[in-house]
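Before we start, here is the structure in question, set down as structure tokens.
In order of appearance the chains are A, B, C and D, and numbering begins at 1 in each one.
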Amino acid sequence: MKVVVNLKAYPCDSVEVATAARDVSEESGVPIAVAPQAAHLERVAETGVETWAQHVSPVEHGSHTGSTLAEAAAEAGATGTMLNHSERRLKLADIDTALAAAERVGLETCICANNPDQIGAVAGLGPDAVAVEPPELIGTGTPVSKADPDIVTDAVAAAEDADDSVAVYCGAGISTGEDLTAAQELGAEGVLLASGVAKADDPKAALEDLVAPL
Amino acid sequence: MKVVVNLKAYPCDSVEVATAARDVSEESGVPIAVAPQAAHLERVAETGVETWAQHVSPVEHGSHTGSTLAEAAAEAGATGTMLNHSERRLKLADIDTALAAAERVGLETCICANNPDQIGAVAGLGPDAVAVEPPELIGTGTPVSKADPDIVTDAVAAAEDADDSVAVYCGAGISTGEDLTAAQELGAEGVLLASGVAKADDPKAALEDLVAPL
Amino acid sequence: MKVVVNLKAYPCDSVEVATAARDVSEESGVPIAVAPQAAHLERVAETGVETWAQHVSPVEHGSHTGSTLAEAAAEAGATGTMLNHSERRLKLADIDTALAAAERVGLETCICANNPDQIGAVAGLGPDAVAVEPPELIGTGTPVSKADPDIVTDAVAAAEDADDSVAVYCGAGISTGEDLTAAQELGAEGVLLASGVAKADDPKAALEDLVAPL
Amino acid sequence: MKVVVNLKAYPCDSVEVATAARDVSEESGVPIAVAPQAAHLERVAETGVETWAQHVSPVEHGSHTGSTLAEAAAEAGATGTMLNHSERRLKLADIDTALAAAERVGLETCICANNPDQIGAVAGLGPDAVAVEPPELIGTGTPVSKADPDIVTDAVAAAEDADDSVAVYCGAGISTGEDLTAAQELGAEGVLLASGVAKADDPKAALEDLVAPL
């Protein structure tokens, strides 16, 4: 199982969460990546944690003011990126181009989508992973694995149909070790989480609890 | 006169340009800011140059994956930001909210617009500066001060009508000291430029040439 | 006072509302326009009511699949259009271009905005009218004239500063004759309303009530 | 083979093209649909031709000013719709929701995409048809079947892998009967075309030439 911690635009201390993630990852052997604001990529990467961008733009070098260039993210230390998060939905053509941009600089990629149909669609584009996150569960604390386990198994089936080398991650409402185990049993190979760690009083304890069952 | 160098998503060495800008600014006394990719804000700020964001998002702390949070830009060292660049046009309501976000963290602000009418519109929102950049001249090497000087004088008049404390900058096609002087004579108090410095073989020499007449 | 009834994407009978508006307008002498879905412009215009588009695109004739071309709206019978409604916010540059498109075919124009600052901004672009609609009041049934009368007077002042030939309309929460009178007393020259008429059991009675005080 | 004529925002007489399409369809037995501006749906449908929307919005009845509600398009006479045309690209989640909107009112659906990968992605969502239109060929007069026949065969294969009940149409550069035959030989079951008919001096002759080989 892989864990990606999305810091969104939360008022958390990105270096504190990154340091906790690095330590828990080293201690547990579970790969944990942290995805901060683009402006914080460098300080997060300096902790030694696996660092992901929250998004990269569907552009190449050129006149693209205000974009998030994959090359710049990689130079700042990112080794992976989410794409099409429900808070940063992209046009289909732009998912395709942003994926190519990420691959151009060797970023690991995880494309998010709402439901099994869309998971099948994006898995066919060939990312490293896809993440199913029903929008209605994001930020609720109710894990998709409990609220609607069929969404996870259907997503796993849809991704496999499209391209069986694509891993399926599970997002929305994940916060405990039990949630993570439930996701794993449904076929997920990773989890995306956010507030459960980023807003925790003690991010390290939250991460330790999360990976304890593994 | 103030100079803002927009590095866009150019394949330039942002630290090299930043260092050149810092040195030329110190030697000449002309304020020169450099606006890199968000992921490069920290390394640019570390050179000591005045550092600007290319854009900040119309959001506060919260669930805004893939945004450019003003707080994060400021923490990375930005002290100013462009808004509504022609390559990153915003909805009017979002210009208003992004301006409030920038002001919330004390960023100096410069809102770009296409023509004098739009300059009047955005000046009324109360930024520190507005920049008139006719889209058809961006990247051409033909300065607006030559191609159509009335645009600059009309923009200055429109901004003054709306709010006479707002400075007017001039963008699009500026690259030489002569261009800068011409802009100044038309009433501009600053210039935005990009490829003329960022793509120059010798960015320092380009900046020295630019500020020489001042 | 002018009344614009926005049918949005409501499940109302657009011809029934249009017929009621036509009749009440003729009986009362108060100008009442109805703004249906683009696909219903023709059937609404055939009733003889003043017909408005809800939006026109910032384009000219050409390769713009899925746009709402001002020419097509006019050919279908529209004589006016809203622009930048809070449910269809536009980039500032696109407000400017869409306004030009509407003027190109002689449509009366009303640009919506959230607050007095934005009202000042769009009034400067020179439309026939602007409409202030605080987003937090839309659909609440609480008229802006009661919830926050200063917004209306400030919007009137801001528009006058920018261009004193631009009329100010008042939207959000207007449904009764009392609301309309209150808006008028604050300086508004028109009202935008939607659910109060479009979702009324008897749209004609709702409109008669609305214009009764005039 | 099915023919869909996209009138975009062209300055053509939509009723003249519709009448020609109706007549040629009746004479030849080839199904020909015409997709006008939303504001022209009603007048086009009144000719008796098969009428398509160029786009429908990913919304249901409600507060969606300026949208193109599927219900309104159907009430105006549309029996089909394009989605995600390269001039009206949608977010993936919105393609999914707009498709559901179109199906809710019984519209035939054709989702456009740039390349075989994206065709596979959208075919998996279950529309009636998908259309491959390489953006670089749109409006060139060079048919994709000549410029790059592999794109068509790869698109047909990708769609079949995803859902073998989905028809593949071929767009971009189609204008003659020869182009249509070439598309058919590569596995396409329909064509999208635009300027070749809409801008023809004699649309009826252009359509007759198009369907002659069938």
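List of remarks:
In this section, a residue touches a chain if its C-beta (ideal position, glycine included) is under 8 Å from a C-beta of that chain, and two chains touch if they have at least 3 such contacts.
Protein identities per chain, from UniProt: A, B, C, D = Triosephosphate isomerase.
Note that the structure is a prediction, hence the values are computed from the model and not measured.
Steps from chain A to chain C, taking the shortest chain of touch contacts, total 2.
Looking at A-B and A-D side by side, the one with more C-beta contacts is A-B.
Centre to centre, using the average C-alpha position, chain B and chain D are separated by 43 Å. Centroids of chain A and chain D (each the mean of its C-alpha atoms) stand 36 Å apart. Centre-to-centre spacing of chain A and chain B amounts to 33 Å, using the average Cα coordinate of each chain. For chain C, the set of residues that touch two or more other chains comprises 86. Across the complex, chain D is touched by residues 84, 86, 89-96, 113-115, 117-118, 120-122, 124-126, 158, 162 of chain A.
On chain A, the positions that touch chain B within their shared complex are 6, 8-11, 36-43, 53-55, 57, 59-69, 71-73, 75-76, 78, 82, 85-88, 138-139, 194-195.
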